[in-house]
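Each of the two complexes below includes chain A, the first together with chain B, the second together with chain C.
And now, the complex of A and B:
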């Protein structure tokens, strides 16, 4: 009972800490997406029905791996360990962030998408010199949202797993990653074998099957990233 | 009950042994001074107790349990050092986090003390001076009222007035809320009045663990004519020696009987107690001599 109480307190404290950290991160995301959408509107005489969604997704692909690099670094973890917390709670809170942040960011880009439609409708009604292509239907939107979310979660989980290992075993991870990259560049047989493996997983499956495959990969990445965090010393 | 039990504790960083076979038992509700030179292993020991580091060999028990990755024990431990709270956060956020983390944390008192020390809670921790940061960390550590409070250099960057106030605050809070406090500091003379026990470590090894009274009477300075003291040198455990012409100063472990002391005094030898700081310095003195020997070569 006492142990559960300690764990609950530690979890609340840790989540509060991540909440305050990621408020700033979210503001940066909001700033970038606002800036890009406005720029597109100001400098272009046309807009596609998915520009806010594309901008949002690209931002997720850039910002979330950066966030993962930050939260798994030794200095960030040292800060978290200034208050009572164990490694399971740290890993759990990271997984919660990996699941929640893409959702919040994608929902934000959807709000921007609605604003974009509204602004485009207004512009089309008032100007003859504006062209707007309506590409997204309700069905494609929902499927796209689900698949985008799962893809972003998988990419974020991959970067979390990578950095969790990297900060703990810098030399080994650098050597393995470097060798892998060089093999991809210089050995065409290896490259083709790797690409065909990736192709088998990702090319032409239905959205449901793709989500299932990515979900499984994400779970494996969570398990792999948990290992170095569970074993780490706080230095 | 023992708050801390260490058994043959070894901690290696690569090839370097930071802690080398330390065995120690610390009782609950004591203020213990952890003394040692730079690089002696004090910080490593405190971090191992705080569950940050895993022992390479041996065991660490805090309140009967291994602290590494054990939230039940970690909730009862607070470590204050100069690497805590390096966030870009406001102090208020950190205080809120402390209140969430420790049920016994006295938030109202923390705010009062920060106000007294002129530390605005809306400031970011990065913008505080070294001394203010130390004060803030100390306030959090003391008011968390954890059963095991670990203070690593708690007077770092503090001026004399603040050091005095912190000593009073620590003592007052300890009297009201007894707990085990381990203080690591170089300013031994200033903390001598607080410490009940002294743990001296050198090169990762335990030199001694004694009560403050035992350390205060542990060694003596004998000052007098070389011819008389050289005779003593062979018979005593000498921890300090300094020649000044025909005069000699010997620091010896105090195992002299009352009769022997009387005889020395009657032969013109001046006898004085070696202070706690001098005992600690002399017990961990490097064999190759002092810095002046290096300069004079």
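And now, the complex of A and C:
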């Protein structure tokens, strides 16, 4: 019981430490999405282009793998180990981050979408040659949010797994990745086989089926990423 | 202090999600907005109705979306959707400039030249781009258009 309490406290403090680390990261995300939304209204006479929802989603795809590269590095991981934090707790906190961060970031894009609509209303009130259309439907919003979330989680889990192996086994992972990339470029049969495998996941699915497939892939990626963290040496 | 900011932010994040959900129309309401009955004619041209003819629309109506349809009418018409925020219909009634030029002698081909006398702004609040993976949502968004160019049945649109 005592040990369980102590692990729970350790988990809380570990998550708090990641929360403080990710405040800066979140501010960068806010900065990028604010900049992109503002430039759309200020510099483009048409204010056309992707809405904040898509902008936020694309930002997640770019920023979260970078964040995973940072948190799985040896120096960052070793900073987190202080009794009673162990490898299991660190891996669990990473998985919680992978599940929580996309949710927070996508919800943030929802706020920005509402701000864009507000800006459009203001522009419409002040000028007679500005118009806007609300193209989001309930079904497309829910499906878009759910699928974006699960795809971002899967991509983040993939990058987490990759960097968890990379920082522990640099030479082997570089050789395997390099060979894989060269095979994709130079061997058309291998490329076609790989693309058809990817196609089996993404081509003509329903939102539910795609989420199920990606959810399974994410669980496998979590398991694969846990192995090098479990086996890493902590001094 | 930090705790209060965090709580307020969490509430805002969740509220924004539900606000978008509640303010959005259902798929059927959305489709009804872009049904043919919701477009009104702002410009029309009398044209010959015999033989096969072609209409080239120049230039594109950027930043607006256009549907080009053939229907049982005896004129070429430019229609505007009446559900666009900012009263696009009224604005286009007053400002849209359109001219129809027949290709000399044959009259088999027409050029429809549409222009706005001053720049117009149009914001399109789309959903997550990832729904483009699904055919159903692609079809849903293809229904959206601010303009509709209608020609008689014996005309082709380029």
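By our rule, the second predicted complex is superposed on the first by the 223 of 235 C-alpha atoms of A that agree within 3 Å, B and C clash if a C-alpha of one lies under 4 Å from a C-alpha of the other, contacts with A are read in each partner's own complex, and residues count from 1 in each chain.
Criterion: a contact is a pair of C-beta atoms (placed from the backbone, for glycine too) under 8 Å apart; a residue touches a chain by one contact, two chains touch by 3 or more.
Quick caveat, the model's predicted, so the values are computed rather than measured.
Contacts of A:194 after superposition: neither chain B nor chain C is touched. Residue contacts after overlaying the shared chain place A:75 against chain B, while chain C stays out of touching range. Residue contacts after overlaying the shared chain place A:84 against chain B, while chain C stays out of touching range. Looking at the superposed arrangement, the partner reaching more residues of chain A, out of chain B and chain C, is C. In the overlay built on the shared chain, the residue A:26 is in contact with neither chain B nor chain C. Look at A:53: by the touch rule set out above, it reaches chain C but stays clear of chain B.
By the document's definition of touching, of the two partners only chain B reaches A:13; chain C does not.
Against chain B, in their complex, chain A makes its touches with residues 2-3, 6-7, 9-10, 12-13, 16-17, 20, 75, 78-79, 81-89, 230, 233-235.
The residues of chain A lying in touch with chain C in their complex are 41, 45-48, 50-51, 53-54, 57-58, 104, 107-108, 110-111, 113-114, 116-117, 120-121, 123-124, 127-145, 147-148, 151, 202, 204-207, 210.
Of all residues in chain B, only 47, 52-54, 69-72, 74-75, 77, 83-87, 89, 93, 96-98, 100-103 touch chain A in the complex they form.
Against chain A, the residues of chain C that register as touching in their complex are 12-14, 16-17, 19-21, 23-27, 29-30, 62-63, 84-86, 88, 91, 118-131, 133-135, 137, 140-141, 144, 146.
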